[in-house]
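The structure under discussion is supplied below as structure tokens; questions concerning it will follow.
First chain written, first letter: the chains are A, B, C and D, and each begins at residue 1.
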């Protein structure tokens, strides 16, 4: 397999989506409104992780493009839980890609404590050999969800998905603390949003 | 006029086109081929320059969007004259924007000595209020053309378009030296392209 | 006052410190160790905020350089509370700036719930007119501390430092939730650090 | 040899010098003056090129740090020949590194046609294990010199330093065209500098 040629359009999609989502955030600030986007990150899945996933799920090489949906991945991180759904609605209204599937792990959180909103899209990208449509995963979460998930990801990696019971229950307590922080933040959300509106208005004028 | 709101989508188009053109350059390098793109720059026209152009050409505010075609501007700079036409062909084959007009100031150089290829496009950009189609100018030139044009631009600015005869003739001699450099480079082009192919191949393997 | 000339060396210090701290993070990753640095941000204080602070504290213009210590500000954000002290020790051992003062608002948190470690340094920066020594504030905090402080900052701004009692007590509850999250995270710290070590080792080899 | 650990401080020096030199350029623009710096690039020498050079010159591993002086390399590109000496003087007055050697290949151009100003410095860089002093090469050249040298570099690479006579003489003609362009540009230098001063002044006010 020529990995470089295979992965090049995925890297391009990640770059294009990052610029587009950063543009969305800038627009909210221009208009002196609370931006539902705190920051954006993106990555192409490393080759060993692709191979490991393919092996674990029994996916043959000619099915990688369709069946491994997170080779290109973009993450949108928000301040408040409500912001997640604002972003979901904005993404649904765009015409520069197609939504294939949505999974709401916030309403139905995973057994482990994982919370996040996932959207699988097909993104048309121009290459020097013509247009290609690339399957991409967009994850949308709060800062607290993201903080927790980053740690869980490291641990899962270490224990190869089999985190020992004792550590698992500590992780769950941390997940509850993250959840509690999101709830307390929701209680001051309207105040903070109003404060941000005033702040951007002020910045715009100076 | 709310300039910030007016210019925001232009800034977004410039960012998106820069990412897309840089992606094109990266693809050539992946494939161990001479990249026709040396570097890419972009800018949104400063407000005073927009107003000055509108005044000079008698364009009313409600016609800015259609009649001032270089509010969003992207420049592609190449090593060899032939590269310009390779890029023109690649841009013509893309489906993510529409070409409105093309002007070849290389075949027909301007009286001043100015050489460059201009392409006017309409680029559909998603905003938080829906899709907009933004007129954008893409300039394609060699390093030598760009070097010369940058200097001419400064001088035109200083003399308000009325460069004195003596300086004008010096500029023309510089334009001829730039043209001569492009010609001499064309004579070693095939050698250099072959050398670059070997270099990228090598870099890819290490 | 020529603000541009006054602020230029501050902007330069912020850029240099960001590059230096990002280098520190990269070095930890090279060496397959948990990096105590999650991310780094920096900013020059906006002119109206400088004027407002000068007015509030009665600082005359010729004392700005010495008495307003956060005109240049850099923030280092960590995953775990312990990481903060690792960074403090690393900064103390550097020879490219001088530490003037340190304030530990983690051991002694502010009445409002604010937690953070502050270091005031003098940083020698080369300008085209010779060397200047610029007072700069470095803030070091966890992700949870940073999340909370960002919200408090917006609210303080809105209420001009006089946050109403009801909102104040909600903010305090959120501060407690952030503190709780930091505590729960500390309980899985060693596990996560070990997992990251394995992860970087692996990445380095592939 | 642990290349990653060996090269990390070189990469750090390149980043720090790039930020410092970009800061110099910004300062000239703030002060509404022609900036002697057009752009800055930097790179760490690729491992195979280090090994090839060590082999060719008979340098043993424990002498790499002192005897291979271009492992860290920064390039400063200017518009006019005179700008090169302005930069040389600015670099000589800095206190954040030591100059070891200077070579003026403009006054004494190489047989091949190569023109450039080289400065070898020792740059003190802080690492997480303390301060290190890193030998670094700074190359200073005009746009035309750079354009020519880039092509020569590709060809030298291809022919392993033994460019055939016919191509060599074509390269020399191109070098003469580049030299001629630099000369013609010198003739309009004062005009262009004055124009740039007016332009930056204007930009600063809007």
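For the reader, a short list of remarks on this structure follows.
Keep this in mind: a contact is a pair of C-beta atoms (placed from the backbone, for glycine too) under 8 Å apart; a residue touches a chain by one contact, two chains touch by 3 or more.
What you see is a predicted model; the values in this text were computed from it and never measured.
With steps allowed only between chains in touch, the distance from subunit A over to subunit D comes to 2.
Using CA-based centroids throughout, the chain positioned farthest away from subunit C is B.
If you average the CA atoms of subunit B and of subunit C, the two centres end up 41 Å from each other.
Distance between chain centres (mean CA atoms), subunit B to subunit D: 26 Å. Centre-to-centre separation of subunit C and subunit D, using mean CA positions: 35 Å. Residues of subunit A found to touch two or more other chains are absent. Interchain contacts close the chains into one ring where each touches exactly two others, per the touch definition above. Here, these are the chain pairs in contact: A-B, A-C, B-D, C-D.
Within the complex formed with subunit B, the subunit A residues making contact are 4-5, 8, 11-12, 15-16, 19-20, 22-24, 26-28, 30-31, 90, 93-96, 124, 126-128, 130-131, 204. Taken together, the subunit D residues at the contact with subunit B in this complex read 46-48, 79, 143-144, 147, 150-151, 154-155, 157-159, 167, 170-171, 173-174, 176-178, 180-181, 183-185, 187-188, 191-192, 194-196, 198-199, 202-203, 206.
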